[in-house]
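Two complexes are shown next, each including chain A; its partner changes from chain B in the first to chain C in the second.
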Partner chain A sequence: MIIDLFINGLVQGSLLALICIGYSLAYGTAKVINFAHADVMIAGGGYLVLLWSGGTATPEYAPLFMSMLFGFAAYLGVLTWLSENKVLQNLVALGIGLATFVATFVFSGRMPFALAALLAIPLTAGLAVATFRGVYLPLLRRDAPRASVLLAALGVSIALESYLLVTWGSERRVFAANRLPSWMNAEAVPEGVSRWQAACQYGVLPLTRSHSIPTLDLLIVIIFLAVVTGLGLFFRLSRAADAIVASADAPMAARACGIPVERVLGQAFFIGGAIASIGGTLYVLRSKSLDPMAGFSPGILAFAACVLGGIGSLRGAVVGAFLTGLITSLAPAIPLDQWVRACLPVNWVEFLPSLSLSDWSYGVVYALMILIILFKPEGLFKR
Partner chain B sequence: MKELLSCMAQRQRVWTAHLLVCIAVLAFPLVATRGMVSLGFVSLQYALFALGLNVIVGWTGLLDLGAAGFVAIGAYSTAILLTQFGLPPLAVLPMSCLVGFIAGILLGLPTLRHRLDYFAILTLGFAELVALGIRNWGPITGGSFGYSGIPATHLPFLVAPLRAVPPTGFYYLAASMVAAIYLFVAWLRSTSLGRHFHVIKHSETVGQVYGINIYAVKLAAFGISASILAAGGFFWTIYQRSIIWTEFNVLLSCLLLSLLVVGGMGNPKGVVLGAAIIGSLSELIRRFLTSAGLPQNIRFLIFSLALVSFILLKPSGLVPDRPSWLPRLRRRLDPQRHPVSVDRNVSTTGAVLEVRQVVKSFGGVRALDGFSLTVEEGTCVALIGPNGSGKTTLLNLINGLIRAEGGTILLRGKRIDTLAPFRIARLGIGRSFQDLSVCEELTAEDNVYLTAGGILPAQVDGVLRQFGISDGHVNCASLPYGAKKSLDLARVFVDPTRWSLVLLDEPTAGLTQFEAMDVVRSLAALRKQEKLSMVVVSHDSMFLEALGVDRVVVIHRGLVYKAGSFSTIRNDKDVQRLFWGDNREKT
Partner chain C sequence: MKKYCAIAVVLVAGLAWLLTGCHGQHDRTNEEMIIGVVGPFDGPDAYIGKEIMNSVKLYFDQHPSGGEPIRLLPIDTKSNPSDAVAALQAVASNPRLVGLIAFYHSSTALAGKPIIQEAKLPSIIYSASNPAVTDNAPYYFRLVPTDDNQAIVLADYAKTLGAKRVAILYYADEYGQGLADGIKARANADGFGVVSIQSYDSTTTDFRPVLTIIKAKNPDVVFICGFVEKSIAILNQAAERGLRSKFLAGDGTFSEEQLIDGAGINAEGVYVAGPYVFDESNEKNKSFLDAYWSAYGQGGSREKPASWTAFAYDAAGIFDSAFRAGHRDRASIEQFLKDMNSPEKGYDGITGRSYFNAKGDAVGRQFHLAIVKNQRFVAAQ
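Right, the complex of A and B next:
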């Protein structure tokens, strides 16, 4: 029981870490608490579902709305990666934006899963860049007060969430299980099946006699490890990463050295968005449904995780995410209510709030986050 | 005379405008349809929220993302007091305000020490915890199904309870509450507490060196804001008569913040206007969406987009805030009512300031390495040294803005290096800043009023003229660089009796020679007149000579390199080498 919860915690931690990295990148570079990040992630999940249409009914105006959103995202995203020639740059970006719009609209619901997932990654990253270029960058240029930047971030988050809700409707859209490949559906494994077969056909990899891990969860952990390794190598080896670090630490000096700081910051958002899109895809697949409202609570949870680890630090983001995943997963197993009931007289217990920690799972993380900020505001790892 | 007449005419206009608004608000339910009255009620309720949130977000500039939490606390405490204890509504109102106030103080005590980003997150987390707590505390709050069965509102002298359709009674109740709160916050802003809110929004450092206990001021703002939000929650409960925890979510906090941003952050008139516009719009859209069968989320899409576009395109909102402390302060800041007691005549001899062996390092760099300095009563000590030699660090240490790792600092024999910055300032250490630290959106005059204790208008005019600012009404943003720096000095010296020691950090840096000479003349006159002790940091030897400094201390690598009279230091070969290098000696 505890071991299963522990494994579940690790998987949740991997998923959260994929969101946290984007939060940390945004805070480390543009000094923005990017509340909209988790909604970008869910938008990515929504885009994938739209293109692939995994057996869910799509509202009739969803293709149009999503195509508009992602056409715009593609336009701004491309603009960030292109070089200085203004007119050409705009024309090319506009072309790609329009192409994305048309393609999304035409191909919605007709793409194979793999292609849809591959397309969703750069486009979600483009959406992250769009929030940066459209909202944060003008505020940073103007040297706006920090309160305005935070408020704008909250506004963007709620706008995006409402947009998705209007597009998809507020109910959860569950996938038809038969549209998913068999290794994604965890089923009961019959006796005498080899491990490999169990993993491929029944979607469960037996670890010991009594414990097993769903193949999809295993894949999530592997993808997370691959992303983190890749990101670590990127920051250790590449010049582009040096430019990001320079632009984050000393924007003026970086500009003086010829680094196009605004574009580099946009690229940091792009990377964060791309990783969030992978996270969003996995999140949607794991919950086997699309829930437009889902962005907010993992968003705050991921945020709490970042603060736990030390906001702005990548290592902190990953550690914080795993701690948070484990806490949310393991906390319900602590029988706090039984302990309290055992200690207090019966007629007191009636007036107590529910102490079953499964009711408080997010609350425990918030409370922990608040305690960390109060007593160790730099988090567990300093940037 | 002409000025006086135009001032009176303006006042009359203002009064007429206020009166017209009052009549319009009072007469509205008489001419409006039922639907319109409930629109009006919603707007008034939002106005209450906006006025409350404005105290913390608009005035002290702290981003409170937990407004929904306080509204929930007010709403649920009202519900519980009305239903469980059967108290009359008019008794419940102050009680729920009090509950809100206490909640605000309790949340503020640990969180207000933290910087802006963390404060925002902490309040957001708080609101989420409040919502979760309400959901999970079933026996008291009704749990996840919400709280219903709240009795109808009976008011004294009225036979029937207030009706929800049309809510004319609620409308008048809320209108009188909004009027009372509006008058309260308008009064609050003209008090010194209101001025201190603005100082904190502008710069906490400036507030501290002028003796403002910024923590206490922020706490007061937060408590007041929370209690007004809780009052809004009271109206929520008595009107709806059944409440549910899911309504008090981050969307509500965001909606309330958009009232401020659209209306004009900081301006009570503006935020009430914002509440009227957004409140009625929100209600209209809600009705339209309900009748058309469309999802309600379009509402929040519209508000969040309005919020973002106002921040991007019109950050000051529809009615920008133009704070001024002039009219009321002329009466309020009478020095006889606010005597500032700095006893400068304790002794006329001996050391006013003693710095003994202070050590301070930043990372691996020793900025001060056992530095000592003594300032005799009534003297002026100049502190010179190459860039990065620790001059400003020393001033910040004396002010208490940063803490030393070792050594002691004594003011007239009393140890001050362990005190909070505002206490050090209250003991009589004044400070001017190297960088521009004046408040750009205020007039020159208001900048001086902002940090002053008890002063007379004549003093303000006098000090502004003395430092070469001829027109005090001019907006600070339009002043040239030199005038802004002089204004910083004027702010320090408007009431020299406050200080026993003044620290001046590069008072002439960036000034032209003429401007610098003006500053010297004023400072020299002030020194002679007030017998002030001063520590001046400057590179400008002409300035130091003209000021007639008594002693020059050369600081280098965090230590005293040389000390002596101005002429000895000027002719000292080592000091020359330190500043100009060896080349000069050879030529």
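Right, the complex of A and C next:
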């Protein structure tokens, strides 16, 4: 049991880490606590579902609304990597934005999964850039107080949620089981099936006689490792990364050196958004359902994980995420109700509500977070 | 001066509009009777609200009133007790509102109880099955069997399956908790032990840790006391975890189309309790289903609507027979419902003959068990 819970915790940690990295990048560079991050992520997940499976998971008018949102996102996303003062480049960005709008509208529900994922990732990144340029950047330019930025972030989050609410409706949409590829759909594995066949056809990879891991979960861990390795290499080797670090640590000096600080911060948001999209897609696929508020619960948990690990630090984000994932997965195994019943006088016990183990896991995470920041206010790792 | 003239004109025009507007509305409301249809029209269970409204509408389309026009007023609970209270408060004092066809969730029925009793608003309940709903509630009349009965039917079936160790997973509201408590109370009589009880709520999407713990306890039967959308996640994730116990689910999961769509092969062999199972060999059921499909079956769909639609349809029929007997206001309609206290005075609807006991619960109602076989609900033996 503990081994299974531990594996589940690692998978959950990988998912959370993918979300945390976006929070950390936003805070580490622009000093913004980006509450809208989780909503951007869910929008990305929803966009992928729209492109790929269309009908079952989205209402009829969703394509139009989503095309508009992501067409705009594409325009701003492309601009982040071009110089925006040149007319020609602006036109190129505009063209790509319009092409995205049309393509989304025409091809929604008809794209193969891989192509939909390839499109959704940069476009979600564009959406993250749109929140940055539309809201955070003007505030930063005016040197707005922290509280205003924080409130604006909350506002963006709620606005985006409402947009999705209008677009998708409030119903939680469960994916039709028969439309998912079989490796994504775990089933009971019959006896005498090879491991490879079990993983591809029944969605579960048997590890030992009594332990197994769902194929999708395994994929999540692998993708997480790939993303973290890629990000590590990027920050170690790339000049664009140097520019990001410089703009984050010493914006004035960076500007004096000729680094276009605002654009570079936009690029940081772009990377965070792209990773969030990967996380969002995997999260949505793992829960096999989607609703506009789906970002709230993982978002708030990832935020706690970030603070726990040290917000702004990538290493902290990953460590915090894994700690949180493991705690939420393992905490239900603590027989807290038995302990309480054993400790309390017998005539008290009947007044207790029925204690459920799973209710405690979030409580444990937050208690630990408070404890850690009491002693180490900057979190486990300082940037 | 010109400015004042303009303001005066606007004021006069506004006043005129207000007066005529009010007048027109007054005229119209004076001759119509309103029946409130309470249900989740928004939020995760919106599809249920839609089907309930469809079936009530279907009844009144088939049986046009001879006298006053009848208007159906959707009252949206959003699956949430506090939203239900707000929505009921907004309409309870409307004198043209003469009755409610009400409540999918027990939690909303309990939350709305004080308002409805105070407003003396006769309400026929099509789904809320927690026994406490009709306690001290003279204006609640319930067509569905209660969770007392459901818990007994579920627990006894576990005994039939030879269960010795059972686990219970319940949704943390009045419905889920009530059902879980009922099953637990029945454990001794049916000779099984409860090895694990776990709750979840509307924010839970990841059941994997809890299911892993349940798997370690190795139960023969797992009871799911909750609503279909979470039950789908539970069944899918249980398959991921390799949990091979038999699943018995309460009527919150009794939505054939949703369950099969979402859980597919993982729903196979799952038992689900339902307050009513449509039977196409029954003439009344068949004509209801045919009419429902021809009115609302999109693209010739012949998916059965949720079974509560049958009770909502009968609730509409009971109100209609009250109107036809000349009852036009809340007090006399309540008396009419109260007088339906014996089989002879009962209402003969598609769910059988309905009449109420002193508490306001329909007499002789029983839960039924269906099993998923070849991706369809069929009656369990």
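The working rule: the second predicted complex is superposed on the first by the 365 of 383 C-alpha atoms of A that agree within 3 Å, B and C clash if a C-alpha of one lies under 4 Å from a C-alpha of the other, contacts with A are read in each partner's own complex, and residues count from 1 in each chain.
Throughout what follows, a contact is a pair of C-beta atoms (placed from the backbone, for glycine too) under 8 Å apart; a residue touches a chain by one contact, two chains touch by 3 or more.
What you are looking at is a predicted structure, and each value in this text was computed from that prediction instead of being measured.
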Item to check | Clash or fit, chain B versus chain C on superposed chain A | outcome: fit
Checklist entry - Should A:169 be classified as contacting the first partner (chain B), the second (chain C), both, or neither? => result both
Next on the checklist: Just to be sure I read the superposition right, which of the two partners does A:152 touch: chain B = first, chain C = second, or both, or neither?
Outcome noted: first
Item to check | Touched partner set for A:281, first chain B, second chain C, both or neither | outcome: neither
Next on the checklist: Once chain A of both complexes is superposed, is A:139 in touch with chain B (first), chain C (second), both, or neither?
Outcome noted: first
Next on the checklist: Quick one: is A:33 in contact with chain B, with chain C, with both, or with neither? Answer first, second, both or neither.
Outcome noted: first
Next on the checklist: According to the stated criteria, A:307 is in contact with first (chain B), second (chain C), both, or neither; which is it?
Outcome noted: first
Next on the checklist: Just checking: does A:329 make contact with chain B only, chain C only, both, or neither of them? Give me first, second, both or neither.
Outcome noted: second
Item to check | chain B versus chain C as contact partner of A:124, first or second or both or neither | outcome: neither
Checklist outcome for this item: In whole Å, chain B and chain C in the superposition are separated at their closest C-alpha atoms by 5
Next on the checklist: I'd like to check the shared interface: which positions of chain A are touched by both chain B and chain C across the two complexes?
Outcome noted: 169-170, 296, 354, 359
Next on the checklist: Which stretch or stretches of chain A touch chain B in the complex?
Outcome noted: 33, 135, 138-139, 144-148, 150-152, 154-159, 161-163, 165-166, 169-170, 296, 300, 303-304, 307, 350-354, 359-360, 362-363, 366-367, 369-370, 373-374, 377
Checklist entry - Okay, in this complex, where on chain B does chain A touch? => result 57, 61-63, 65, 110-111, 114, 116-118, 120-122, 124-126, 128-129, 132-133, 135-140, 143, 250-251, 254, 257-258, 261, 295, 297-298, 300-301, 303-305, 307-308, 311-312, 315
Checklist outcome for this item: Listed in rising order, the residues of chain A that touch chain C in the complex are 1, 4-5, 8, 12, 56, 169-172, 174-178, 185-189, 203-204, 212, 214, 217, 287-289, 291, 294, 296-297, 328-333, 354, 356-359, 361
Item to check | Interface residues, chain C side, partner chain A - complex | outcome: 42-44, 46-47, 172, 177, 180, 197-200, 203-206, 208-210, 212-213, 215-216, 229, 232-233, 236-237, 239-242, 244, 258, 261-266
